[in-house]
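So, here come the structures, one by one.
First chain A sits with chain B, and in the next complex the same chain sits with chain C.
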Partner chain A sequence: MHHYSPLERVLRGVALTAIVIFFMFPIFWIVLMSLQTNETILRSPPSMVFEPTFSNYAAIIAGRLDSNVASMGIEFMNNLMNSIILSVGSVTVALILGVPAAYAFARHKFRGSEDIAFTLLSFRFAPPLLVLLPLTMYFQQIGLADTYLGLIWVYQLICLPLILWIVRGYFEDIPQDIEHAYRIAGHSWFATFRKIALPLAGPGIAAAALLAFIFAWNNFIFALVLASADKQPVTVGALAFVTASGIQYGQIAAAVVLSITPTLALALYAQRYLVEGLSLGAVKG
Partner chain B sequence: MANDTAVRVAPARFRIPSKLFPYLLSLPALLVCIGILIPFFTAVWFSLQRYRLSQPWNRGMNWGENYLNFLTDPSFWNTLQVSLVYAALTVGLELLLGLGIALLLQKRTRFNNFISIMLLLPLMTAPALAALMFKLMTNPNFGILSYFAQVLGFENMRWGSDPSTALLTVVLVDIWVYTPFIMILLLAGLRSLPTQPFEAAALDGVPRLQQFWRITLPMLLPYILTASLFRLLDSIQQFDIIYAMTQGGPGDRLMVFQVEAYLNFFQSTNVGRSAALLLILWAITFFLSNLFIKNWLRLRERARGEA
Partner chain C sequence: MSGIQIKSLTKTYKSDAVLDDISLEVPEGKTLALFGPSGAGKTVLLRCIAGAVEPEAGQIILNGMDVSGLPPEERNLGMAFQNFALFPHMSAEENIASPLKARKSTRDQISTAVRRVTELLKIDHVLGHAPKELSNGQKQRTALARALIAEPDILLLDDPLRNVDAKLRFEMRLELPRLLSGRGATVIYVTQDYKEAMALGDTIAVLDGGHITQIGSPEDVYLRPANTAIASLFGDPVINLLDVVPERDESGIFVMLSDQKVHLNSGYDAAVGREAIIGLRPESLRFANEGIPVEIEAETPFNEKIVTLTQTKRGREIIVSRPAGTDAPSTGTACIAVEGTSAVLFDRKNGERIVPASDEKEQAA
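The block that comes next holds the complex of A and B.
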């Protein structure tokens, strides 16, 4: 193995430090901001010495924002709840629809199967507004406008292709002989699917579900176009919050922290799955 | 075929014709898919119409007029230019930075793995919220980045609200969010390269810089292509970061395709123009996604062969 000269070692250390600072600093700073009052935030020059306070979080959780000028209600906890409903709902639906389809695509080369799989994949890459704008009109006509059901259906645009393609790759990796042996032993097709294929593809399904959840949570444009205030997830809600609260910077920071914590925590908890899923089965790392 | 015998041996309770079976399994997914194709064709239809929500009496087919008008429409060319520059800048810079980081973290050590996991966090942040974070950090009154700029001698750096720095600001957010994506793909690629060529080169005393240009880079090229095409596809359609940061402004400085189409639809209620814009964007992404899928499948085949 190669050994680094002292100069090289120093340069690598400097480069790595700069990289870590660049990518970690914004998260660190927003957490600091969320623990300050507006007075300490507005100090110049900025300083990292302050007495931490949880009043911003308290105000958001209580849903009331009191300043010396006025008092206003905030819906942020409602946004958080919407994010949970939409993300969990979309991933569940995508798993129910996507896993059997992924199995069919992996195991049976039927007529048109490649075309269908590609069409589904190409949805991932089409401009979302192209579908969303006409959909706003249709949703109004068929009564899906501003319902969780309508939104969850549209969220399949992100979740379904992801699940289908990642899980399909995992099913293809299971040797068919194992399934054949189990079926010859007299088990039904469904039992084979449930007892053999599903558990063996388990890690892939978990990775796909995790990624689908994160992408659904982080989605902005679907809900911006289709949801009114009481159905909006945190991504849209945080932006509306900025417009509404104006200069309550501490609360804005606290809202951002609350909005990004679930995905960041999930990412840290399941990072191995995540890296596997992200490489879309393209590279087995 | 082994498959057929297996089916025959299995107990026959509900026998679904095996030819229909895979269709049945994928039917629900297909239905959702069809539900999405309908609005797509509606958009094509809208794009061929003179259609403003504010002037319902004036609606009618005008066939290719929306598209023809683009030829002489300076704001269309601005949109095309801004979108292309944004995509090229973000993907180019992210590729350089991502490759650099991947090379630094190539060795499988505990420390390197820890850092690569930490770098996942920006990628897991919603782009719209990342833009919001940077908006707070570049606030002229208390933003830490504004303060740093001031210390470095850039008095009155107004970041997103100044036409000369707006592009730089959103590109910075994009780099913060998406560089880790390229880094992860390239790191997985680097770590899966065979070691023999490098050992041979080291024995022959080939300098390491030359090893990089002659061995590492060519072998990594499929990964680089896949990662950049994937990012290019996303970046040319960027909406979240730009809309959350400046809503396309100041002026029309950041009017990329989707932001322009969104504002056309909801503010000036020009449905026809909005749909035509989106279809041009779709044509670009369709071309890119075909390239990407071809590349990606080749990479998958290779990874499968080696595994």
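The block that comes next holds the complex of A and C.
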């Protein structure tokens, strides 16, 4: 164990605090904003002292946006539901397709396998705007525009390469002898995939799924172009807060807090799978 | 015919032949020690037999059945890996039981079998442990138990003692023959340790550079190595190899070492005048009042023997090994007596052993 001198300890504490404040401050500020009215947010100079109010949350959950000029309906809770459906749906599809594919790319080198894997990765390089126009036209022709199915399909451009490449690396890290040993013991390749490869790559699959979920959740441009009002996720739905009578900062802040909550909860939940060691000391290093 | 038969097996990676036209046979119930330096292709050969690696050409016949093209799970054999290859997310017990689970044994059958094999290997007290909680010796025994539990007819052991400490290796070397012979299994035992090969193998096959360079009994390989490479690999301290040219006069066939005649076996008639290498086992040499004069360079005492490095007048190094407790000079000059009849002779051009006429007769008979 390395022991730090008192000075070192103090400096480390200061540095850690500074980093945490730097990264957490925006979130902290948003939470504060979400508990204020537009008037207290916009007063000058800004102050930390205010009467907390849940009116923003109430307005969002009730779907009524009341400004000093007029009152209008918003679909934020609907947007939140859409975000959940789209993100969960596309990550699920990407896992079902991507994990077996990653295993195939990791374990079975066939002619052109590297090229196929790279092509899949290259989907992430393409500028989304370039793809969107032709995609929109095709989707309208085949009736996939403005459907969950169509959006989940397009979201595979985001999720599938990510899951494929991360999980492939984890599969490759499993010593092949472990899988050989299981097969020699008399198990089929499918049993080996299920009982050996999947559990051992578990932390990697969890990490990839979490990342893919965050990317899908944060996607804006695909949903903006391809989804109409009732299929829009929160990222697009937040545009509704920019109203003719001004920008509703308080409600935006409350919406932001509500929309980061699912990802945050998922990240906290997945954390314990992420830190689990991969190889667990099966093979002498 | 039972046992293991391998016919013209070839495996290449990229363009390198890792196994080049390998043929060998292990009779039922016998143990073949597959010996060779690292990178010789031993592990690849074992994997080909197990079905983990697909060879380009050749046949593998296990218990009379050609298994080429069969997946590993249908070959019905047991294998212990050099790196143990335990399933890290399962307990030692689940690891050991997994071949029986695959064979759909009942819970009772499994627990009886696990108890029997783990008591035999003295790991019954760590069954609940995860592999990472086991010592190397326990991991190795767990891997061995997993290979043995289904009582396969064919057992492949890939240097199972490589990663365990010296004491346990010594114990296991004594225990293994009992374990293996008790089951009537046909065994291929891969090792890099010549002592292990000699202790465990009914037959030794030496694999070097993808070729089998010698197959024979342990005694054969030790006393009549097929070439200088095998001679150097077997034996500790390593055999003395000295360049010589055999000559003949009225007293017989001899070589000159430091102006001293060393007489050879009379069968080496054909070697006369050829550039050759003489192989002298350090333990066949001894210090004497007369013989080859040498300068003593260094002396290394081991527990049971003392190894002395000496140098002849022409600067050739000769190693002499003698049992501990025997008296000999440890510094200065001395003389070495050479028993020429126990020497082996190799061709200097290709390193192949020159077979004396008497041996040829022996082999023909």
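Worth a mention:
What we mean here is this: the second predicted complex is superposed on the first by the 232 of 285 C-alpha atoms of A that agree within 3 Å, B and C clash if a C-alpha of one lies under 4 Å from a C-alpha of the other, contacts with A are read in each partner's own complex, and residues count from 1 in each chain.
Definition applied: a residue touches a chain if its C-beta (ideal position, glycine included) is under 8 Å from a C-beta of that chain, and two chains touch if they have at least 3 such contacts.
Owing to the predicted nature of the structure, the values given are computational and were not obtained by experimental measurement.
Residue contacts after overlaying the shared chain place A:I260 against chain B, while chain C stays out of touching range.
By the touch criterion stated above, A:L200 is placed in contact with chain C alone, chain B being left untouched. When the two structures are aligned on the shared chain, A:F22 is found in touch with chain B, with no touch to chain C. By the touch criterion stated above, A:S188 is placed in contact with chain B and with chain C alike. Once chain A of one complex is fitted onto chain A of the other, the partner contacts of A:I178 are limited to chain C, with no touch recorded for chain B. More chain A residues lie in contact with B than with the other chain of the pair chain B and chain C. Shared interface residues of chain A (contacting chain B in one complex, chain C in the other): 176, 180, 183-184, 186-189, 279-284.
Looking at the complex, you find that chain A touches chain C at residues 175-178, 180-189, 191, 196, 199-200, 279-284.
Listed in rising order, the residues of chain B touching chain A in the complex are 2-3, 5-7, 9-11, 13, 19, 21-23, 25-26, 28-30, 32-33, 35-36, 38-40, 42-43, 46, 100-101, 104, 115, 117-130, 132-137, 139, 141-142, 144, 147, 176, 179-181, 184-185, 187-189, 191-192, 202, 208, 223, 226, 233, 237, 239-240, 243-244, 257-258, 261-262, 265, 271, 274-275, 278-279, 281-282, 285-286, 288-289, 292-293, 296, 299-300, 303, 307. Remark: chain C residues 47, 50-52, 71-73, 75-79, 81, 83-89, 98-99, 102-103, 130-132, 136, 139, 146, 150, 163 touch chain A in the complex.
On the side of chain A, the complex with chain B involves touching residues 2, 12, 15-16, 19-20, 22-24, 26-27, 29-30, 33, 41-46, 96-98, 100-101, 103-105, 107-108, 110, 113, 116, 118-123, 125-135, 137-138, 153, 156-157, 160, 164, 169, 176, 180, 183-184, 186-189, 214, 217-221, 224-225, 234-236, 238-239, 242, 249, 252-253, 256, 259-260, 263-264, 266-268, 271, 274-275, 278-285.
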